[in-house]
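Presented sequentially are two complexes of chain A, the first with chain B as partner and the second with chain C.
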Partner chain A sequence: MNDFQVVADAVHKGDIKTAVAETQKALDKGADIQNFLDKALIATMDEVGERFSKGITFVPQMLRSAKTMQECMKLLAPFFQQGTVKSKGKVLIGTVKGDLHDIGKNLVAMMLEGAGFTITDMGVDIQPEKFVHKAQEIEPDIIAMSALLSTTMPSMPMTIEALDKAGIRDKVKVIIGGAPVTEKYAREIKADSYGSDAGASVNLAKSLLGLN
Partner chain B sequence: MIIVGEMINASRASIKEAVEKQDADFIIRIAKEQIEAGVDYIDVNAGTFVEKETEYLCWLIETIQDAIDAPLCLDSPDPDALSEAVKICKGEPMINSISMEEGRLKRLLPTLVSRPCQVIALCMGRTSMPATTSERVKVGSELIRELTDNGIPLENIHVDPLIQPVSVDIRMGIAALEAISRIMHDFPGVNTICGLSNISFGLPKRHLINRNFLALAMSHGLSGAILDPTDKRLMSTLLSVNMLLGHDEYCENYIDAYQNDRLG
Partner chain C sequence: MRLTEIPTFQPRLKVFNRDQVLAVHTAALEILEKTGFKMEHPGALQMLADAGCTVFNDDWVKMPGYLVEQALQTAPRQIALYDQQGNKTMPLVDGNSFYGPGSDTTFTMDLETGQRRRTVLQDTANFARLVDGLDNMSFAMSMSNPEDVPIEDIYVYAFAEMVKNTNKPIVFIADSGRDIAKIYKIACLVAGGEEEFQRKPFILNYSEAISPLRFPENVLDRLIFCAQKRIPICFPSGSNAGGGAPVTLAGAMALGIAENLVGLVVHQLTNRGAPFLFGPNVSVLDMKSTVVSYGCPEWSLTQAALADMRDELYGLPIWAFAGASDAKVMDAQAGAESMFSIITSMLSRCNLIHDSGYLEYGGISSLEMLTMNNELVAMSRVFTNGIPINSETLALEAIERVGTVPGSMFLTDDHTFKNFMQAQFLPKLLDRTRYDSWMEAGATDLYRRCNMETKRILAEHQVDLKPDEVLSAIDKVCKEK
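Moving on to the complex of A and B:
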């Protein structure tokens, strides 16, 4: 049992009130912030993601835990700004041009955030040029694209091409997902990887950045 | 109830394989099974093939219609694939689907008015997925007006309220149900239709949720469903609810199903 078990349990259960109160307590006591983030929050969300991928826990439970973690993270925000704690990496995420589906994209964003990544969520119907401009601005480690329709999947290679033209393709890892998207498609369009669900995308992001 | 059988969809591994191998017998068998289970339309979807979608969709249509005389529901988000499919489809096809998303309705309108067909109008917004009842009703009403203004009779329009998972937002079930009620009330003569599986995404025992949702949707006026007709328990729910709502004179279909051992 680690020192932060109460917070970890509360995040697991999605008990926002307890999680936030206990986080505040830990901060007041002068806990090592990086250690707290890793053990109380990220490790718990890792477990939640794993249980989700295995079909033991379900979307509402995962959302609840993620929401609880987000509330705790608000208390930690100042430490990120000071540089006391570090993000695992920056992820730029969005649903591609012509596609308005956001459920899967939101789940992936939430789980990546839970795993300690910093997320910039561009929303839906994102043109390739918009991905490029935002990428130039924030210099993400990973660009994550979602498509739910066979008709909008071609926006993925278009975006990759646009990154290429802008000369930044080799500076980012590109991951893709969505119901009609496959591993094979990822290879065909020269994306770096494919994620089958929100839990899997976390492992993917970590391994692409050599964090596993 | 108008029942559309959803089994011939290339997102299912067995269908994908059959399409790739051009295994006509397998496709015909699945089509016949669905007809025997009581569907009014057989849905055909080759969406997972992307570049080859139109070619494979047309192959599915020809394969099925060469073997049996069955109305088809042509299923693609791609207006061009649908236009090609309509050209070769016999009878009066159902088109699945149009929406207010950019280009989707405009590009398909000439095809829709070129011959009699049934049209599924999906309540997808222009810039986002609808969340509330009123957003769904607004988009649905707009679609109905566009279609009827272009000469498509109300009776040929099937509004799909766009079902989203309750696992992500607990209000999504009731929002869709109330949208069905309001659309059926505001446009007498129009139809409503939906798939059932989106409602249960992210939850365990999805079949249980799906068939209870079907019962609720029917009680809110739903007049059609896209479903797996070989799911005996689901079809039993449909038959019994249809009877309870007063649509099965002398309980004929329900009893008939029982006497032919089709109730699960």
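Moving on to the complex of A and C:
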């Protein structure tokens, strides 16, 4: 049996109280933090994600598991700062300039976080220059942009162009999504990839960073 | 037996009693008074503040209930939409229900290949032309998000394309104050001037606030423009249960109504008496796929309840949806979901009913499905019209003749010959042929027959053309910067 079975079960069930208490216990006992993160939290979320993709788990249950994991992660935050543990990658995310619809973007952010990525969520209506400045500051592995309205889609190539001008386009992977966005459009504007839904974004991010 | 005139009862669906209506209305007012909302349009913000709202942190507004009651007093209880030739074809009042397509799909089902492909401007033309040729589709809507026109004028081009391909009323989308002004210009060109347009408006704008409780500047620009120009408008936010709104239908309705009423108040403060359609879109967010469902029973249920709220309280014509599906092809699911919303929206007397012909939860538009729905609307009308009772329909004399005269039968009786066209629904596409004839005719399913009928209409139906000078003036407006 997995040493962290109780935590894993609590994350599965979305039992925040137990998960946090058990995480604290593990830390107090001096557990290997990286091992705990990988086995107790990320592995569980991978399973949850898998069950969700297969249509066994419903969105609120999956998000509740993600939220439970986030609460546990708060206790691990100091170890990230010390460099004891590493995230799968840094993702900068936001809806593009002119677009205020953020439900899809929020789902993607939560699922990526559950999969072990570190998320910087810039919110909505993000100007290309803001994406660039933040990217220069935090040096993300992936920039994720979303648009719900066809009229705001042109902000995506504008942002990619701005990254290009700033000389950092080749340092990040750009992924896009949103109702009117298509794979063809992603190719046209030279984004690295497109995800049709929040679930797809996790595999997308992993494969772009060679983690699969 | 002599009968006095008996009015025909027309079956009607009721979902809410008065207590439920009042409870949801009160909850909506409480949201506006206690929670408030984010108003990002400076002009509207000022208007609301001047009218008695309280503003917090620059753009957070709390609205007293009496402003809603005042707006409900001044908004008109009936809205007449005309066709482009000046006929009053859509009186949005009482129990009148009018059906038509939706807007902005990214994909369409290609009529020739049957494949899902990206939409282009020609698709908007085809949908408008098909609407023009279908008796039970009352208005046009773009049905596509064409990829072959400049994105900043996508709605102007789509509107111009509809004007060129139908003379029925048009429900249109716009992005901002800029393109809606161009669309209005085109509408006035078609009507023969602003004054003529004002007398017989043939367009209606669809605009959405963002749930929960967010009112973007460009959306309010459109709302205010429509109020000023008296262009009828509907203002449903996407308060889908579980996504933009609480997962429970009552809360999602209360939130959607609250958002709708903010629109109404700003609208009536801008121009009292300008026409406004009541009603949010309260569907559900699917808990597995996170799509907003177009085939769920809940959306039909909430709009039937909203129709009850109109009857009991608001009195304004109501905006609705029907004839759509989450299916990816026009299959049995598409037929079932389509009919479910068509019959219930009619039975609850929704007035302006859009989105007919949507597949893939609004991602795909289907010409064949619009053609199918044309027949499903006809079928539903038969049901909703009820059963007239009079001496002619009771047909006691015919019964006497056939019952007592040897060798006679109803099929040969004069009464049958005289009445059968009105007495029965005579389907065109729903197949009732005998098996052998069906085999001989190619053993087609409904999709195939709708495909053929759509092709026939697009090839044969003639749309009265606008004069050349109007068409060239429209093209100029499209190209204006």
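Everything that follows uses one rule, which is that the second predicted complex is superposed on the first by the 211 of 212 C-alpha atoms of A that agree within 3 Å, B and C clash if a C-alpha of one lies under 4 Å from a C-alpha of the other, contacts with A are read in each partner's own complex, and residues count from 1 in each chain.
Everything below uses one rule, namely that a contact is a pair of C-beta atoms (placed from the backbone, for glycine too) under 8 Å apart; a residue touches a chain by one contact, two chains touch by 3 or more.
All values derive from a computational prediction rather than experimental measurement.
Using the superposition on chain A, tell me whether chain B and chain C clash or fit.
After superposition on chain A, chain B vs chain C: clash.
Determine, under the contact definition given at the top, whether A:Glu161 touches first (chain B), second (chain C), both, or neither.
neither
Could you look at A:Phe58 and tell me whether it touches chain B, chain C, both or neither (first, second, both, neither)?
both
If you stack the two complexes on chain A, which partner ends up touching A:Ala179: first (chain B), second (chain C), both, or neither?
both
Figure out whether A:Asp192 sits in contact with chain B (first) or chain C (second), or with both, or with neither.
Neither partner.
According to the stated criteria, A:Thr151 is in contact with first (chain B), second (chain C), both, or neither; which is it?
both
Shared contact residues on chain A for chain B and chain C?
Looking at chain A, the two contact sets intersect at 55, 58-60, 100-101, 103, 107, 149-151, 153-154, 179-180.
Enumerate the contact residues on chain B facing chain A in the complex.
11, 47-50, 53, 76-78, 101-102, 124-125, 127-129, 164-165, 167-168, 170, 201-204
For chain C, which residues are in contact with chain A within the complex?
104, 106, 118, 145, 151-152, 154, 175, 210, 214, 216, 242-244, 247, 285, 287-290, 363
Which chain A residues qualify as touching chain C in the complex?
52, 55, 58-60, 100-101, 103-104, 107, 149-151, 153-154, 179-180, 182, 184, 197-198
So in the complex, which bits of chain A are touching chain B?
Within the complex, chain A contacts chain B at residues 55, 58-60, 63, 98, 100-103, 106-107, 124-125, 149-154, 179-180, 185.
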